[in-house]
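The letters A, B, C, D and E name the chains in turn, as written, and every chain counts its residues from 1.
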Amino acid sequence: MKRIGVVDTTFSRVDMGSMAEDELRASGTGFRIIRRTVPGVKDLPVACKKLIEEDECDIVMALGMPGPEKIDKTCAHEASQGIIAAQLMTNRHIIEVFVHMDEAGNEKELRALAENRTREHARNTFLMLSRPEALRKLAGTGQRQGFEDAGGIDEGQVSAIKH
Amino acid sequence: MKRIGVVDTTFSRVDMGSMAEDELRASGTGFRIIRRTVPGVKDLPVACKKLIEEDECDIVMALGMPGPEKIDKTCAHEASQGIIAAQLMTNRHIIEVFVHMDEAGNEKELRALAENRTREHARNTFLMLSRPEALRKLAGTGQRQGFEDAGGIDEGQVSAIKH
Amino acid sequence: MKRIGVVDTTFSRVDMGSMAEDELRASGTGFRIIRRTVPGVKDLPVACKKLIEEDECDIVMALGMPGPEKIDKTCAHEASQGIIAAQLMTNRHIIEVFVHMDEAGNEKELRALAENRTREHARNTFLMLSRPEALRKLAGTGQRQGFEDAGGIDEGQVSAIKH
Amino acid sequence: MKRIGVVDTTFSRVDMGSMAEDELRASGTGFRIIRRTVPGVKDLPVACKKLIEEDECDIVMALGMPGPEKIDKTCAHEASQGIIAAQLMTNRHIIEVFVHMDEAGNEKELRALAENRTREHARNTFLMLSRPEALRKLAGTGQRQGFEDAGGIDEGQVSAIKH
Amino acid sequence: MKRIGVVDTTFSRVDMGSMAEDELRASGTGFRIIRRTVPGVKDLPVACKKLIEEDECDIVMALGMPGPEKIDKTCAHEASQGIIAAQLMTNRHIIEVFVHMDEAGNEKELRALAENRTREHARNTFLMLSRPEALRKLAGTGQRQGFEDAGGIDEGQVSAIKH
């Protein structure tokens, strides 16, 4: 049976780990979930690597909610670099799901964004593990997680790009 | 028979992977293409490394379309660092083709830029694999992918540099 | 018996190492503490790795107090990247406790912040080593170290996010 | 016989590789030059590493001409990080010669700067390979490549520092 | 007999390497110094690693004087990242001594700063090699190299923090 790792943080203001577990279970069967919680996003890289190397996970979700300050952005950047390094050292995918607090205007929106993004990436995680060819069909279609999809650009379109 | 890996994303608004496959097939023969699609640019580094180490690709194209926001620039930077690390860990070239959404003024231009840059780099990829001496002849000639070439500077030129 | 490494710096204006040792001892038993002091935060990564690989520590606390200038922020960033790399190379957690001098308005506040953050992370360190399931219960509850907790967001909340 | 690798790019507007080859040959004998050309600076790190590990080069020159835009600066930064990593993975020096397009006011100046810097670093490369003690004598003398040397500071000097 | 490596640059305007050698010899005995000089700070990481792995140094001093421009700051950052990576790959300390040209107002001040910082870090280097417990006693005492020490913060202090 395949294994999916899920790591989240005590720093996050939303229990993204439980949302990920719930959505993974709704997506299909044939895998076991192994859950870990660490203090903050900078603790995620080694937690993911341990799940792969010590707990034999085939893929891992790394869930975090970086704060709105400049120092928080730096922490998130360092965590992302570490998550990419962990993937390169193990040849396993780690799906990073970060929701920055300043992406939302109030707490209700932040909670909804965190939930939507986590659930959409849980489905991506399931597809990458079980049906990678399903992602192949979505190549270049402007998928977004947590917000409305941007969509693909047909030949001949002239809409200005939204910045 | 040699193998060329092609990885693109579901985030991109243009199917750069199919353009790359098409141009590679038009460039020559003697190789097989292996295609993968991942959610976003940060998933590219390990996907490229897996294509090299698990699927025995001799060279890989990493195709992505980073968004126009500051966070998107950071993601692209992290992905680029990971793509360079993947090359150093495998001693194989990975040709990165990133088209930033704010490089174009509207969707039609963005599509054209993505297509031109992808196709030009597909030809580079083919040359690096099959005829590396062809690149040697273009050393210092100011080649650009997707835009007009800058050209080489002859001795005695005095044109101001375009910024 | 398990081993906890504690490394701090001569650059810090507060003896964070002794605070960490004191709080660890108050948290429980069943471990031995190994203490090191290095000049500055950039010396922390290898000191942590040596504690893990040469002194067989199971987990390490890396304590530092970066200065308020731009160059100090760069040093802290480099140190953090190195601390994450050290974790990935050893599959051991290193709990980074950095207190930036410009987080506090005066020396008294700085000392209190350094002490509170160090002690809260010492408790996290103990839990990660001895009772990781205790962190699992705090997932998504907005824990902060050194400042008041942000708290979790219940469904239906509408408070504006504090920036 | 020792081997010196020389890698340049098709992106550069000046054939820095040929200048390097010419200057190396004028500097001395006892080595063979192996030349490669890649599309851009981000392709340099792995090209250098392959020259060291697959072609047994003892030292390598990495030549590039980053553009004047912010994205070009980021590319150069990523390339430099990769070149340093390649050195650490091989225990061989790679002499990076980057000429940023905005260092010169017009194309004639750019060409002269590229030529001077490339030739000065070719001499450094030769010395590092054949007579490292010659560099020892220049320690702390304010050497610059492509511009006038800054010079050493004698005890008692009071000139303001040029910014 | 233990070995201390000392690497400096031809770019520096002050012969920091000789100052380091002089201070190390004044600090104690029982070690041999191995000196190297490279062109610039980006050549330091691999030079340090070679001193550790090929010349069996137990600790290394990496001495550099980055220029005042933005590009110089980037070079120093890349060098620092490489120096940290070299330490992690070898489990040996490398004491980085960088003096930024814009830290001083004129050449005389720059020379004095470079000398003071180099000599203070030479003493740190000697202590880390021979008497690491001496650093332990300075934990949290606000040591600075090249400038006046900031000092430790006693309980009850209320001075504003100098920015």
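Keep in mind that, in the parts below, contacts are C-beta pairs under 8 Å (C-beta built on N, C-alpha and C of every residue); 3 or more make two chains touch, one makes a residue touch a chain.
As the structure is a prediction and not an experimental result, all values here were calculated from the model.
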Degree value of the rotation bringing chain B onto chain C, based on Cα positions, nearest 5: 145
Length of the line joining the C-alpha centres of chain A and chain C, rounded to whole Å: 25
Length of the line joining the C-alpha centres of chain C and chain D, rounded to whole Å: 40
Chain B: positions in contact with at least two other chains: 81, 85
Contact graph of the chains (line, ring, star, complete, other): ring
Order in which chains appear around the ring, chain B first, chain D after it: B, D, E, C, A
Touching residues on chain E, where the partner in the complex is chain D: 8-18, 35-39, 42-43, 45-47, 49-50, 53-54, 68-69, 71, 74-75, 78-79, 81-82, 85-86, 89, 101-102, 104-108, 110-111
Complex interface listing, chain A residues touching chain B: 73, 77, 80-81, 83-85, 87-88, 91-96, 100, 121, 124, 128, 132, 135-136, 138-145, 150-153, 155-161, 163
